[in-house]
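Both complexes shown next keep chain A, but they swap its partner, so chain B is in the first and chain C is in the second.
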Partner chain A sequence: MGALQIENYIQMSVLLFTIGALAALALGKRDRLCNLVSNGICIASGLLLMVASVMKLLGASGLIQIGLLRSTLPFLALEMKIDNLSALFLMVLSVLVVCVSIYSIGYISHYYGKRKVGLFNFLYITFILSMIFVFTSSNAVFFYIAWEAMSLLSYFLVIFESERMENQRAGTLYIVMTHIATAFLLIGFMIIYSYTKSFDLFGSSDAIPDTAKNIIFILFVLGFGTKAGAIPVHIWLPYAHPAAPSNVSALMSGIMIKTAIYGLIRFLLDFLGVQHVWWGALLIGVGIVSAVLGVAYALMEQDIKKLLAYSSVENIGIILIGLGVSFTALAQGNETVGALALIASTLHAVNHTFFKGGLFLGAGSVHYATGTKDIEKLGGLIKSMPITALLVLCFSLAISAIVPFNGFISEWLTYQSIFAYISPGQPGTNILFILAVAALGLAGALAAACFVKLFGISFLGLPRSEEISHVEEVPVVMNAGMGILAALCLLLGTFPLVIIRLIDGVAGELIGRSVFDQLQGGFVITWYSMDLTGTAISPFEILIALGVLTLLALLAIRVYGGKYIERKYGTWDCGFEGINSRMQYTATGFSKPVKIVFRILFRPSRKTEAIGGTDYYPDRIEYKVASESIFEKYVYLPAYSRVRTFSRKAKFLVQTGSIHNYLIYIFITILVLMAYNRFV
Partner chain B sequence: MSGLFDTLSVIILLTSFVLVANKRIKSYIKTFRIQSAFIALAAGIMGIQSITSEGRIDVLVVCFVIVVLKVIYIPKLLNRTYSGVEYKVEKDFILNIPILVLICCGLVVFTHFCIASIDGISQGYNDLQIINSVSVVMIGLFFMISRKKAIGQIIGFLVLENGIFITAMFATDGMPFIVDMGIFIDMLTAVMIMGIMVYQISDKFDTINIDKLNKLKG
Partner chain C sequence: MSYIIYIIIQILTIVLTAPLVNGIIKKAKAVSQKRTGPPVFQMYYDLYKLIRKGTVVSDVSSWIYKAAPYVVFSTALAAALLVPVSTLVTPANSIPGDFILMVSVFALGRFFMMAAGLDTGSTFGGMGSSREAMISSLAEPSILVCLFTAGLISGSTSLDRMMTFMQSTGTPLTHPATVLLFLALLSIIMMETARIPVDDPATHLELTMVHEAMLLEYSGRHLALMEYGAAIKQLVFMTLLVNLLVPHDQIIGIAGAGAVVLSLLIYLLKVILLAVLIALVEINTVKFRLFSIPNLAALSFILSFLAFLQYFLMGGGHVWFV
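On to the complex of A and B.
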């Protein structure tokens, strides 16, 4: 028996996913069975995909052809090939799919009997399948089809709970934005084709002149940037992600927006090749804006999932900063830093997939248990949902880049790559780099505040309503799905070289420079350390040191403090009896200082209104705070109202509803075409 | 032989003029039947020709199918549909008849003007036939625009299809058999569906004037 090759594993996995999708439809009548079967198939085929991609990353580099379906239509060949870059993203996708599918076994149970579970699982699996095709397609036409399928399927998932008006509105905004973005991509592909006469993604771009490359760069940054959710084209993201069911949000925020990062690396770095420093500078600029503004908006949100969505914008910003540094370094011929920054940014993409996926699952658990996503209504959940609380705490630490978790590693590497490239004699880029460092620092601090708010207000303190005080822990499978992700976050944070070893293959293949050897130290425990130009850090050592210090401190208290008496009693209430949950620090109150500091950005407004009674003794006082989104108000709303006025007019003039008019349009078109044929 | 086909194509074109000049719905169906009969005649002559010269029976079978479908079955179907909905003599057309006929003359001239310049047609023997048959297509489409009642649209569609059929037949001496058959089956399905739709429209709006359909617009 011949050993199974990598391509066989991926073929089997794609086939299994297809079977799973069909099974979900076929078993649509029996909710529980359907959910178990389809998620079970997802887990199995996700594992197959994981095995295949890790084998590819560890094994030989080069292209592996997975499948090829030709058709008689011109240019349309469904051709699948993977290189290390595709394999890395496939691996991340498969890990997330496995965890989310485990979680879904429990999570979807609240749909039983209420919604079409079969349809949901069908969309869910085909959505995963479309992402696999995005990562493996090797010609632009197939890529475009997969990309469009991914957008449409995720649109259907966003509006799955379609009875709520806001979900429909979010879906519409999403589909409009994503279609405009896809149009940019399509124009880019056509320009490429007009010069190279080929849609092959792994072909050569030598035939494309410089000006055309610049135009393609702008088009792709716009197109992929919209999907990634970079500011100022992020507008759909904070609406669409909260509207989708939580397991889908985890996939969308975890991996779907990374398909845009994949696209940027694949088309710009790999296919076109970086030529100008300003390409990198533009990406860094977009990254800075996204990172700082994304987290600033996140801090203002009271809806858990909206907060997480804005935090995704921030993390995309960090990834774009890393990518921008890589582009700049490559344009100037510094391949080592280029490779290092590329590793940093892809590593952050990987890490963000794990912890943001986990956080969205956590938000789903909270919603599952309490029925609300509003932070202001939660509180004290740590007592009723201890495991969920612990896992969300892990993810929060990871996303805030606290040491033993993985978020720290990638942000640290991003910093390192920037520091490694700041050198005298190039004032322009240096200023940008210093700005990027400052932005990263600011974003990091605000992100930490943001997640202190998320965790502190919703999990600590007292329950803010009667219903919240009686919630129960979510099913074990849901926590198991999140638990795997949390364990991965801890593992990758403590032994970062495991994942960097895998990512190094990507950089090695794309840039031709491996930096893995320079990242290793020589100590016993620090075999897993990272060492770069004199700055070395070993997360594992830090973890051990932390543990030892904690133990020592406890010991010292025991030894020197003597015996102490522990008394459990309510918090001292200054003699004011009956502390209740309304006296707690609120989420709005928590973010207020930041709101005041950044008032130029948030334009806060407040209104106090006395209702009833006399002026001095009103029955009730209402206090409203609001902040406005400057992008929506000054960019999108004016554009939207123009388009709407135009369409209204066009509707009355052109689309009259009369069949005769429509026939006349056809008739006139034919006459014009005939005349065109005569004269041209 | 070419002269015979020229004559037939002119007659087919004339029948479409007759159609445009018709006032009553019953006579639309009658004219369509006559036009189809002439097309069947042309196909029959061409079929005999191809049997004697190449031994192919395809075109003759197509001729037979035309007789069965377009001369007998579809007109019968339409008559039944029409008698099922309403019978009232009223003005069914948008402009008056002389102007419609004049516009159709203009269409033929325009088609000649556009088609005659295509390479390979102006030198060939089937110059006149192609122009006439494309004109039938244009007149069929124009007929759909000029009539208010749904039956007018169905007849216009059928005439348009007739035009496409004879264009293909004159240009290629008979298309591949399978293509012709496919088109006939499509057309039959379309007519059946449209017949049902006419009932539906009549049911909903108490008339088959299709300008009432703009109430359906969102």
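On to the complex of A and C.
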């Protein structure tokens, strides 16, 4: 009897999750106990999963079989295998699950006695389980089942607070969009099966002709793109993510949309193999649009969670840009850049999981403490919730790609992979690449603006409403869950080689090229971008430099300026009677200059109306601003109304509700099928 | 050892020169307007006076407000470490970093400055932050495309290597791509350092101020650090322009300390000339309306983009630099 193998850890973890789900149902009546037990089990099994996946990533490459359930149907085998790619995503999932579960111990307490905690935790754990199956299934049918389970379970979680109409509407939009996406995937799987006669994900795709591969590519980009929330099929994301309870939003935005990235890498890069340059170019194009528009729309949002949801669209865009660069390079046979860009892209997926998960948890804390998600009603929370404020600040810096946090590392790698691949003689891709650079820059700066707004308006200044002027800090467990994520963001940002070492195994296995040796050891991350000269950055040294320079500044000022004398006084109020919260800049006002500059995207309109009184002295003035959502207005609403008109008409022609008609339909179908079998 | 010497030379040169550059710009403007103007060393006196004064802190504000000046100052200096003042004092891999890191380090300072603007609850602070957010997001794509193109020409994103390469080619400004980059970088400097077409450093009129609006509540040593940080940032961008596109250091036959001193003197001369050029631009333009700034940003973006196209479509790669 040897030591425990990787597969044993994963089996134990899956078993433990299942027990946790059942325990949650069984203890449904006792809210507090149920919550403690199910989240405790989640933390334990999450840790097991983490150990297993890190062992896999550090160990040898190759497939490891976890479990196998055969059925009498030849294609229906529930088979679980993991390679390094699966292990990486499992690791990220497990880290997030551990942190979110720690957080949930405190967060779910506001459901006690009001909602069915048992049911919620059951859904929560089965949702996690379904994602584990998505990452481990080695068979397209099983993948499809797990994928569908994941979509349905997250749908139930989205509408969990179902008494609010908008949550139900968000849920409906989500389930419709996700099923359209699943339909594309299903067609793709069918096409694959028709050529290869196998649903094995690790099989060979040599039997598929080129045209079919192109069609499958388009189908998968549509299918997975919808799940990832890439523009223009992002439409469900900004509604569904805010509607779910915050710990579920953290999971959805943190890792569920990454299952689509996993799918893109697994099916396109690994299974099909990249065929054409235009595959990469298409992904870069979608990435550019998603990155810029996603963050632009995020900046206009006044609801914290909606803002974060749009920002997920942006980050998916950045991930897709990296993936597109990787595809382009691989299609042209440059494996080194392909591997580097793949590392950049997956690293950004990992980083985004940590900081976006943390930000959604932060939004949950704000909602928990104040009862509102509207930035316009917040303000000054840094005094009553200092720890939450500090953690949200860390995540905000990380997501804005600011040193020394982790978001910067993945963006830097993306820039470097683009830099390494621009070369004379390919004007088309070069122009696309330089546009991607500009888009990354614009998205980064707008993200910084967006998160200055989120942090500055909700945590700084004066409280904007009476209720939030005396809120209390959230329970310690909630901040502990977020704190781990924030620490990870800082550590991965200062010592990026730790995580790059793990991701390098993925690139090594998929592409057969390891770039870790070229990213030199120690605290320095070096990438010999071109043959001529090298480029190196060291976030750690910059952190040290910042610390030392700050100390020097303090010292110099102490020596020359003498003792620090501080006088507290009110903010300058232009000589009027004291400053109040209504004089502060609002969130809408903060983002207005950007809105006007990019008015082509938002089509802002405003309406001022004087009510009552005389023209010069109205009783009150109403001021409304609105901006249009271009995709909803020009793409989705026309499509929706066409479909509705069509189905109304079809109702009277085809779907009459009369059983005689249906019998005739069945009869005709049978006839046609018989004829088909006879003659074709 | 050379590592430490490099850091000391970098920091001392930047810290000692930055206020002077502000003084020269002011003096040049004053002279052109037939005024005497403040002495060129005025900013040193101001800073000294400010750090000796007590500070008034708004009772609305939090620790962000007090931390921001130190973050702004130290990020500006840390960024200065990545932009060599002279390629003679650059040993290989002195401070690992490149222009992407430089942009990110500045972004850290800017993030805190914008947050501090919102921290006091004052309308002016919010207004300044909001405008700064707009201007910075417009400037960022231009900066990156501009430096990316320069990096591609020289084969590295690391600034010391870029400068060494440019220097080895002799006179880069005789080539069309570099001329375009020069103009682009000049307009970026105007945007990034709150110069006249974008922001007026000399005014406190609420309709026009951007940078000053964020600093409105600051006093004493905090204000000194903020002003000093801004001056250093301005000098870092100017260093970038003069050392990248107008390289010098083509000194043959002198070695050691003498060469370094000579090189630094040439560097100072270039910076002073650029300061006068900036003053001339300021004199000859009027401040734009806030919503005309996108035009300037678009101009610098297009110039950088054209430089890229010139290099990659017409130039045909590295050969044209012969």
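Annotations
What we mean here is this: the second predicted complex is superposed on the first by the 631 of 680 C-alpha atoms of A that agree within 3 Å, B and C clash if a C-alpha of one lies under 4 Å from a C-alpha of the other, contacts with A are read in each partner's own complex, and residues count from 1 in each chain.
One rule holds for everything that comes next: contacts are C-beta pairs under 8 Å (C-beta built on N, C-alpha and C of every residue); 3 or more make two chains touch, one makes a residue touch a chain.
Note that the coordinates shown come from a computational prediction; the quantities given were computed from them, not determined experimentally.
Of the two partner chains placed by superposition, only chain B is touched by A:Ile664; chain C is not. Touched residues of chain A were counted for both chain B and chain C, and C has more of them.
With both structures placed on the common chain, the touch criterion links A:Leu454 to neither chain B nor chain C.
In the superposition on chain A, contact of A:Ala401 is made with chain C only, not with chain B. Legend: residue contacts after superposition of the two complexes on their common chain; A:Leu462 is shown touching chain C, with no touch to chain B.
In the superposed model, A:Ile422 lies in contact with chain C only, and not with chain B. Once chain A of one complex is fitted onto chain A of the other, the partner contacts of A:Gln655 are limited to chain B, with no touch recorded for chain C.
In the superposition on chain A, A:Ser581 makes contact with chain C only, not with chain B. After overlaying the two complexes on the shared chain, residue contacts for A:Val100 are found with neither chain B nor chain C. Contacts of chain A with chain B, set against its contacts with chain C after fitting on chain A, share not one residue.
Chain contact summary for the complex, chain A toward chain C: residues 379-380, 382-383, 393, 396-397, 400-403, 408, 411-412, 415-416, 419, 422-425, 427, 430-431, 434, 437-442, 444-446, 448-449, 451-453, 455-457, 460-462, 524-526, 529-539, 541-542, 545-546, 549-550, 553-554, 557, 560-562, 564-573, 579, 581, 583-585, 589-594, 596-597. The touching residues of chain C, counted against chain A in their complex, run 48, 51-52, 54-64, 70-71, 73-75, 77-78, 81, 93, 95-98, 100-101, 103-105, 107-108, 110-111, 114-115, 117-127, 129-131, 133-134, 136-141, 143-145, 148-149, 151-152, 154-158, 161, 165, 216-217, 220-221, 224-225, 290-291, 294, 301, 305, 308-309, 312-313, 315-318. Residues of chain A that touch chain B in their complex: 655-660, 663-664, 666-667, 670-671, 674-675, 677-678. Residues 94, 110-111, 113-115, 117-118, 138, 141-142, 144-145, 148, 153, 210-211, 213-217 of chain B are the ones that touch chain A when the two sit in their complex.
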